[in-house]
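Two complexes are shown next, each including subunit A; its partner changes from subunit B in the first to subunit C in the second.
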Partner chain A sequence: MKGAGVRFTAAAPALPALRPAVQAARVVRHSAAIAFADMRAVYTWKVWIFGWLGRMLAQVTFFTLLARTTGSEEHTAYIAVGNSVMTCALECMSVVASTTWERLSGTLVLLCAVPARPVWVFFGRSLQWPISGSGTSLIALLFLAPLFGVSWHPGQVPALVVLVPLTALTTYCFGLFLAAFVLNANGVRNIVSNVAYLLMMILCGVNIPVSQWPPAVQAVADILPLTHSLHAIRLVSDGAGASRVLGAAGLALLCGAGWLLGAYVAFNRFMARARGLGSADLF
Partner chain B sequence: MTAVRVRGLTRAYPARKGSDGRPHLALDAFDLTVERGEIHGLLGPNGAGKTTLCRILCTVLLPTSGTAEVLGHDVLAEADAVRRSIGIVFGGERGLYGRLTATQNLCFWAALYGLSGRDLHSRVDMLLARMGLGDRAHDRVDTMSRGMKQRLHIARGLVHDPSVLILDEPTIGMDPVAAHAFRELIEQLRAEERTVLLTTHDMQEAEALCDRVTLVDHGQVIVTESVTEVGSLLARGDRIEAAGVPDTTVLALRKLPGITSVDASDNGTVRVVPNAESGTEQALRLLVDAGVTRISTAPPTLEEVYLGLIGSRGMAVRS
Partner chain C sequence: MKLFLNGFVFQLRLARRSPDTFQVCATAPLLTVIFLAINKYTGAGDLTSFAVAAPTLMSLWMLALSTAGSALTEDRDLGTLEGQIAAPAPMELTFLGRMCSVVVVGLVAFAESWLVAGLLFGRWLPVPHPFVLTGCLLATAVATAGTAGLLAPLFVLTPSARTVQNTLSFPFYLLGGVLVPASSLPDWVQPASRAIFLSWCADLLRDSLAAPPVHLPALRLLAVLALGAVGYGTGMVLLHRVIMRVRRAGTLSQT
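Up next is the complex of A and B:
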């Protein structure tokens, strides 16, 4: 064993231009092992079903029953779909807290000293949230929402199975962007994630149609991926054409990619700032 | 070839509240050269600047001024090249993912250095076996003892096969058997011509392992010297230990010129510390003339040099 340092040659793809993407994917894959280990530590199947899922279904039921006492059947179904989808957005905001676990476990300083870009580690290490969130939302949409007048036919289910994880992943990217800032302010992590999910709940068409907001507020809603992915799911529910659904889903994807790019820049800036201040030491 | 080259390295932190308003200098115009294949010890009290230097060399901290190079790569301009050629091991239990297994931990860090596929798994398996953790490879890290975690830390530091290894108090928490195994590992690293920068408070460890040591205090180099020569910095002449020394001879020893101290215990054992070679000669002659036959001499230990040059601070930590 002779110390020559590692070169990026092992199993390199044929196209050199793809190497950074392949390398990033590897980092995400190995970082995801942390996510699933955390998931196993936090949840057993029983705890997930009767603790987390039960709580989320109760929340959806609460808002939907509230809507039913005050509104029409159509409004009730609107609230049922919105809040069912919201559950995955809520869970994905947990990325804000779990990103700061790196500082608590003392690994942040070591992550500053590796050649890989930090955003891919952080992207992978909290992937349990969009996966669990997708499951929660799909169960709520497919099994709870029908109790409140929402109906799905089998042909719509594949679209939901794609759109709900898309909602979760793109919202996760938004949360990742916020997490990069919270790394410097560990004490406000729960405040940031709660404010972010409440804003999404208010602005993105979960309970109140986006069109009812003034244009400035609608502009804010438009940069949040949940607005577009939830719209896509509502289009599926309304039986709209594939092109309209794909258009809304594309906008959600674009927003998610934008937030991921923002997170990439924000994590790089965080690391650069930490190196300057020595704050990566303060873990 | 030079492995580590540091010139005029300074790291300042803003003045703290209640201080005199001047920046706090964790490193102050620090110079250091470590040759390739050398085991170099960094010794100094808490707050002396050792960890600051280590963190600048492994690119997690930026210097305020001065230069630092690892294998010719500047830590600022060529940070990624430095990261690929340097391994770091910080002391303590933290820095591992407790919910992952030992194998998963190493695979994760290996992936961050660009390893993949068969190379990654063979490297991880080899390191776990080498650290004596092969049987615990699939156990969660939070079920391991402190010593095992420390060995895993070292494996993590070696996962990308670095030429230069920085070990910042790596034997903290190790039991004597593990610490002994650690020393054997360092000898293996020496045989592989790796460069090791070792910070430690264990003088025996530094004396046993290091080719050269640098004594650091107040962010500055006090002295850099080979371990075999470092004793000459403190005093001239070997220390003398003798058994069965009569009281009258002890009194005579204390009156000799060129003697710093004479420590006598109740069982007749005496330790004489001279401050000149002539003092050693005179003390030896006096002991022999007094009929003392159990006499041994030895040069000053690294610990004595450390205490002589830095020890006046006692338990005070630099503010």
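Up next is the complex of A and C:
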């Protein structure tokens, strides 16, 4: 069959220590393919731009207009930045709903049977949201926020292009943690995601500085990645030094990793329970 | 009236099994906190009436969107759509009853927002015009139910209905002057804003919570009801056309 045009080559074997990471990456890649197929099924470019993006820009304008009506120009710009960044956090909370779609698709039983860690399946399964959310946030920050007094110079844009996806991914990890619990109660998926995003809007310094809340509330805000990544973006906006920006971004990354670890443990525990009970309905 | 009540009770029974209907009870207080926190931080004039009115109207609109968006598809999933269409009872009446029962839940949002303003921010909002306020809330609920009647067939006719459902929230809040009065929007937007019943409701609701006498309350209530009726009438014509089309084509189960 020489000349059939297809050649099969074995992949280079990974180092033993790296095998779990390689396997996890492969699982994420495959489940991300489902995420992108879902995205294509729901949105065309026109629907995304004139539907979704328009809606999100209207949301940023909605909250910013309140500040413009009642507050100072400085606070108007503050809210414009906060709500522009918030759009990606909001979109990432869709992971709570899209994780439960697997129950509706009837694939949970199969997931119980495979040796792959479920967290990597679900991590890849909804990756369309942080990607789309990053796009929405960047457009809002760069094109809408300037209408409310925010100004960027070209040197700040690369930092935003890094920090916005960081915000999206770390918040996505928080959403994934919530999704692990909602998998067993998919009737409340929309309530959980909406309440979570509104709480983040209250706590994370989106509309007013975190320091305005009592210490106990600030402590809760500190474990949410959005608090730190948004702070990093505000530091960039204020022209702060790289070390301060990196410090805030590092804290966001640390929080995101913590929530991902939490999601890992939660999904594993639920899977172990489902296997023990012999029922994926209680996954 | 009996048909209306049957629809009312039927939707309440469905709502008991659908936590999404009560989602606004969780989100309205949080929205009030956001608005009042901004107001307190800026130190500008007291905007408590804005912070109570906006979540109420947003909750009602959200319910209209979610219920109207899912009503017909849910009926089809339950297997009751065929029966409703075949029955001699006019679907327009039962449908209005169903929508009215859902918007009653939205009125809870007003009480919640009022309580949150008092309990968390110490801003106990007086009600200087209780009759206008009650009339406004009832008219808003009826107009929302009527407008849901317009949205339901639109969602059936539109591909990507879920996306459209998501899209119609904040642009309408903005255009309807739900938080910031429509009068502060650019001049060219205002005619469109006045065509949306929410803008009349928002202005009247805020005025009914303010001390000065309310200007022309009866006329403004009439405007709210008239816009709701136009929405409902148009929706029922559309619904009738959709039903006739699927009857003729024999594609009801694919609608």
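Heads up, the rule we're going with is that the second predicted complex is superposed on the first by the 263 of 283 C-alpha atoms of A that agree within 3 Å, B and C clash if a C-alpha of one lies under 4 Å from a C-alpha of the other, contacts with A are read in each partner's own complex, and residues count from 1 in each chain.
Everything below uses one rule, namely that a residue touches a chain if its C-beta (ideal position, glycine included) is under 8 Å from a C-beta of that chain, and two chains touch if they have at least 3 such contacts.
If you're wondering where the values come from, they're calculated on a predicted model, not measured in any experiment.
By the touch criterion defined above, A:Val114 lies against subunit B but remains apart from subunit C after alignment on the C-alpha atoms of chain A.
Touch criterion met: A:Gly54 reaches subunit C, while subunit B stays clear of it.
Contact with subunit C, but none with subunit B, is seen for A:Val195 once the two complexes are overlaid on the shared chain. Of the two partner chains placed by the overlay, only subunit B lies in contact with A:Ala37; subunit C stays clear of it.
Of the two partner chains placed by the overlay, only subunit B lies in contact with A:Gly106; subunit C stays clear of it. By the touch criterion stated above, A:Phe143 is placed in contact with neither subunit B nor subunit C. In the superposed pair of complexes, A:Ser72 makes contact with subunit C only, with no contact to subunit B. Once chain A of one complex is fitted onto chain A of the other, the partner contacts of A:Phe62 are limited to subunit C, with no touch recorded for subunit B. The interface of subunit A with subunit B does not overlap its interface with subunit C at any residue. Every residue of subunit C that touches subunit A in the complex is listed here, in rising order: 18-20, 22-23, 26-27, 30-31, 33-35, 37-39, 41-42, 44-45, 47, 50, 160, 162-164, 166-171, 173-174, 179-180, 184.
Interface residues of subunit A facing subunit C in the complex, by the touch rule stated above, are 42-43, 47, 51-52, 54-56, 58-59, 61-63, 65-67, 69-72, 75, 79, 187-188, 190-191, 194-195, 198-199, 201-202, 207-209, 212. Interface residues of subunit B facing subunit A in the complex, by the touch rule stated above, are 11, 13, 55, 58-62, 80, 83-86, 88, 90, 92, 94-100, 104, 107-109, 111-120, 126, 156, 160-165, 192-194. Taken together, the subunit A residues at the contact with subunit B in this complex read 1-8, 10-11, 23, 26-27, 29-31, 33-34, 37-38, 40-41, 105-107, 109-116, 121, 274-276, 278, 280-281, 283.
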